[in-house]
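Dropping a structure here in structure tokens format, bear with me for questions.
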Amino acid sequence: MLAQSVFTSEWWRELLSPDSRWQDGSLLRITIGAILTLGLYSLLYRENKFYRFTEHIFVGLATGFSVVALVKEVLWPQWWVPMLGVPERTATADMPAVPGVDAAWLWGALLPLACLAFFVFSKKHGWLSRIPLGIIVGLWAGQQLNAFQNRFLPQVADQARPIIPGPQTGIPDAINNLIVVITWIVVLSYFVYSFEQKSKFLQRTSLMGRWLLMVGFGAIFGTTMMTRFVLFIDRAYYLLIEWLRLGAQL
Amino acid sequence: MAERNYEITSLGLQYQKWGWLLVITTVAVVGYILWGIFLARRKAGSVTIRRIAGLDQIDEAVGRATETARPVLMVPGLSGALDGIAVQALTIFASIIRTAARFATPIRLLNYHPAVFAVAQEIAKDVYQTEGVPDRYDVDSVRFVSDRQFAFAAAVAGTIRRDQVAAAFYMGDFFAESLIMAENANMVGAIQVAATTQFTQTPFFIAACDYVLLGDEFYAASAYLGREPVLLGSLVGADWAKLTFMGFAVVALIVHSFQSIRPLTDEQKQYFKDMGTPVLEDQEYPTRNEFFFNWISKIPRG
Amino acid sequence: MEILIARWTVARTDANLWQVVSYAGAATLVSAVLMFLLSRIPSNFRRPLVGIFIFVAGLIWILDWALPKAAVRRASGESNPITPLPFWPFEYNLVMDKVIQASQVLSGVLLGLGVLSILRVHVKKLTKRQQDWPFSLVLLVSMAAMIVIGLGEWVASNREAAGMPGNHELVKTAFSVVFNDMLQILDAAMFSLIAFFILSAAYRAFRIRSVEATIMMAVALIVLLGFIPLAMAVTAGLPVEGFASNFRIENMKTWILLNMSTPALRAIDLGLGLGLLAMALRIMLGLEKGVAVD
Amino acid sequence: MSQHIPTDSPSPGGRGAGGEGFWHIMYAVDRRWLYLILFIIVSILVINPITVPNVEDPAAKALYDYLSNLNEGDFVYIESDWTNSTRGESRGQFEALMRLLMRKKVRFCISTLGDPQIPDIIRPIIRQIAQEPGSNNYEEGKDYVIAGYFPNLEAHVSGLVNNIRDTVKEKRIGGRSITETPVFDGIQDLSDAKCVVVITGSSTINLWYERMRAKTKLGLMCTAVMSGENIPYYVSGQLVGIAIGAKGAFDFESLLEKEWPAAENPGYKNFTSGRRYMSPLFFALMLLIFAVVMGNLAMYQLKRTGRHS
């Protein structure tokens, strides 16, 4: 494989060859991605013009793509098509059938409401922007009852385990279960704010709670490190093997 | 009037099969919070809350920014919509902006979501106005950056390094990009205070930031800063809910302990089956799936 | 469609495009007039008005949570649960479909605000030749390019799916380059930078300086070693069963994850959930300053 | 966190640049040296990977053993939710799983959630593996099907549990529904499947825990980040096994090598990214541990000699 690496003329010939230049996974296209990758990596040394250039490309592309996704996935299918409908079409020899959609033209009334948000730039009518924003945040608020019930109550229920050793639960299990419940209660007690923590006992449990929290955080740190390093190794593979071809491919 | 072309076979699915117990629990928690607010409004000043370390440092951090004439960076999280987390972050930022406005410290408020950006801009404008220094407000200091996670991170990292921010505040929803921001700000020697609702990111903030608000200290922050009865009251309500859940854990411990040493009867197996959660055929004793409280929170309800 | 809006729909044919457009235009106009009237209301009514909007929006979801859902039998055999309403010709879950759709459109349109903000910042830089203006140009050009290419590719693939003739190879390749070879690669590169930052953050923070830092460091290292084959080999001599097996590093890792870390994190999560719920209630009741009108 | 962690990163070329002794340098190495060392270590090992020994994780081995003991013609349902953002970990797991199932002649159906692009990512991978020796010339539509992308997580999982055929019957291959292909012969509902394997970088498995009540086993291949949440379900028996991160991929590859040693089966490809990424990963993590240890030693030394300001 090294025979085709960046140090050989074949590599450069392939890079510059006109036939397959823009095919999927061509060397030229990998080169574009690799240069951008290096641009972002240059931040590790210091902030520089190369990074700034890459960063601005990145933000430009990302925002542009958000606009595209908005039109493609929201405005067109959720608003424009339902509003104006689609006439039904039966299949012909070279065109597939299109199912009809009735025109719910009332959707047109939504546009001025949404546009009220743009008054945020106005001094005099700035408060009007609070109407669409208020509707959005109100809709979010209303969902929280359901979210609390479905997300947190099962977790609370899951903390309750048997602590008497029995046919299903051995003695180690019982001890573990007790530790689980105590950990949960002690950590939760750290998050009680309004009770005067004058008693020594409460202060102790609260401190214990902090320490136990650190156990949880340390565990997150440990598991996350692996994943993040593998991400970088994957990028290194992309740069060194897929782009520069310095070693054998998988 | 459209004809109903269906026949209702069973009504009230979410209340059936013990579902009402979950609903009642949720309603009770709501009741605690509302009751706490009601009491605190009636007897203002009756509630005290414990010290929250990171919040005392806000003035110090902003003060240092003023001395060095470098900006203060604020990021209200990467919420996917305008939600309560972002609103809470902006409420905390309002008090930071107030300090910055007094000392004429430049600010950078970088937003991930356009709706959050809109609210942030309004709030910043208001704060400068109520402080009587509307001319110090720079419209471009509150910005929308990008609503793609890593493009946002790249831009924030670039801003931190270019503007050499003196203080950085991260409040709200953060995901993997937390460390990108925090380490870059650490490189330029900024004082950093962070609070996130994504506890999976808290350890990284702890490693890279100077002060971190743990867990729901984030929600307690505005009560702590403003000492308003409504906020304090809802905090007390949530405290009562926490104590209730702790009590519940002890009760459930006892219930499940006795449940675990009694073998399943045939009626019970049939009952589980009727409820839509059959147990394995050769099972003698209940497992974690069949322990009462665990079980009722997971029964399929239509 | 049993929803109210059904009586306000028009069946589309090829001929009635302009009729539908004029209907939709009229709806827009009426709504715009209503919004204009809203802007005229006296300032002391503004705060309660916004409050009502917030409350009603929240109520929509609370009703969805509280109204009894029903299992139904239909002639067609489909059996998704619905939310019937008494004395009302349509089901509440259909209302919810429309509400979700409308809220997506509503928050989608707000992206325009963000784009305006970006334009304001960078066009100003460009026209005033402020520091770094060439980068603003780069940003604006790449944004415009992405919009043109992205929408072009979308139109092209729609035309292709509809069987219309035309050669769309160019725009498809262009989109593939800007999306797969640029945007996604940039995402992955930025993501992978975290590996470096995690290294330097751990180096600095994992010092035996306080009890808390020490606990965090010790647990992180044990969990980490539990994933490394060579570290597992160190304790591989211990028996797999029995008491001594507890000291195998992977078992220690699992034990910490299960019995200490999970409940601790669940407790913090419950606190966060309660805080969120309280926040939602305050917002709905207009007790939160951040979103109210001053 | 209440204690103030000082920002002890010196400006480049400042403190620690020389003359202040070894421990001062070690106490606050300029992080860019760490970055450079990490980059060099990973680069060398990505180009020239060295083979590291493996100790298989019991949880991963449990999943492998269960799948490996399936009979020819058994049916497995696979839900593949990974995207390019977790490619480093999930791809190795996915490839190893495909090799195992193909060598065992187990039929499978793959659906994806989360991202409409996933089918385009996995299809070429499967095709490539199907052409390897030992893969029994697997053909789409005959030995396996790709049910494609489902946008609604909740409806999809409930649908599969209630009626697997109805849920996927809309998806077509070669003009007919995938449920009419030989892959779905004799598969009436999910309990006819021997196992459901979820490969994910997110928390899409949670619904399966809630919904799955049939005799079908549930297996999981997840990223290391997700392991903490999911190990409890392995311990409680809801998961037949769990392969975690790049290590899980390496475990699967090692077990494939044990069952079909490449020396005896020419052309068999057992190791891919799992082993390939293991040595750089191992040395990167060693660097991290080394840096932490040196930092602490330096702090201790400076404290002892009283030179720590």
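Just so it is clear, A, B, C and D label the chains in written order, and each chain counts residues from 1 on its own.
The criterion applied here is as follows: a residue touches a chain if its C-beta (ideal position, glycine included) is under 8 Å from a C-beta of that chain, and two chains touch if they have at least 3 such contacts.
Here the structure is a predicted model, which is why all the values come from computation and not from measurement.
Chemist: From the Cα centroids, identify the chain that ends up most central relative to all protein Cα atoms.
Modeler: Closest to the centre of all protein C-alpha atoms: chain A.
Chemist: Just grab the chain with the largest centre-to-centre distance to subunit D, centres being mean Cα coordinates.
Modeler: Computed centres place B farthest from subunit D.
Chemist: When I count C-beta pairs in contact, which pair ends up with more: A-C or A-D?
Modeler: It is A-C, judged by the count of C-beta pairs in contact.
Chemist: With chain centres defined as C-alpha means, what is the inter-centre distance between subunit A and subunit C in Å?
Modeler: Averaging C-alpha atoms per chain gives centres 8 Å apart.
Chemist: Using mean CA coordinates as chain centres, what's the subunit A-subunit D distance in Å?
Modeler: Subunit A and subunit D have C-alpha centres separated by 18 Å.
Chemist: Using Cα averages as centroids, what's the distance between subunit C and subunit D in whole Å?
Modeler: For subunit C versus subunit D, the centre distance works out to 25 Å.
Chemist: Express in whole angstrom the distance between the two chain centres, defined as the mean CA positions of subunit A and subunit B.
Modeler: Computed value for the inter-centroid distance: 17 Å.
Chemist: Of all the residues in subunit C, which ones touch at least 2 other chains?
Modeler: 6, 65, 107, 110-115, 118, 186-188, 190-191, 193-196, 198, 200, 202, 204-206, 212-213, 216-217, 220-221, 224, 227, 257-258, 261-262, 265, 268-271, 274, 276-277, 279-281, 283, 291
Chemist: Touching at least two other chains at once: which residues of subunit A meet that condition?
Modeler: As it turns out, subunit A has residues touching two or more other chains at 40, 43-44, 52, 54-55, 58-59, 61-63, 65-66, 117, 120, 130, 133, 136-137, 140-141, 144-145, 148-149, 156, 158-159, 181, 184-185, 188, 191, 210, 213, 216-221, 223-226, 229, 231-232, 234.
Chemist: When you check subunit D against every other chain, which residues touch at least two of them?
Modeler: Touching at least two other chains: 1, 5, 9, 31, 35, 38, 87, 224-225, 227-228, 245, 247, 284-285, 288.
Chemist: Please output the residues of subunit B touching subunit C within their complex, sorted ascending.
Modeler: 1-2, 4-15, 23, 29-30, 33-34, 37, 81-82, 84-85, 87-88, 90-91, 94, 111, 113-115, 117-119, 123, 126, 139-140, 143-145, 147-151, 153-154, 176-177, 179-180, 182-184, 186, 197, 199, 202-204, 206-208, 214-216, 218-220, 230-231, 234-235, 237-238, 241-242, 245, 302
Chemist: Within their complex, state which residues of subunit B touch subunit D.
Modeler: Residue list for subunit B touching subunit D: 53-54, 186-187, 189-190, 200, 206, 209-212, 214, 276-278, 280, 287-289, 298, 300.
Chemist: For subunit C, which residues are in contact with subunit B within the complex?
Modeler: So the residues of subunit C in touch with subunit B come to 2, 6, 65-66, 68-75, 81-82, 84, 89-90, 107, 110-115, 117-118, 120-121, 124, 186-187, 190-191, 193-194, 197-198, 200-202, 204-206, 216, 220, 265, 268-272, 274-283, 287-291, 294.
Chemist: For a test of understanding, state which residues of subunit A touch subunit B in their complex under the given definition.
Modeler: 40, 43, 46-47, 51-52, 54-55, 58-59, 61-63, 65-66, 117, 120, 126, 129-130, 133, 136-137, 140-141, 144-145, 148-149, 153-154, 156-164, 166-169, 181, 184-185, 188-197, 210, 213, 216-218, 220-221, 224
Chemist: Write out the stretch or stretches of subunit C touching subunit D in their complex.
Modeler: 184, 187-188, 191, 195-196, 198-200, 202-210, 212-213, 217, 221, 224, 227-230, 232-233, 236, 240, 250, 254, 257-258, 261-262, 265
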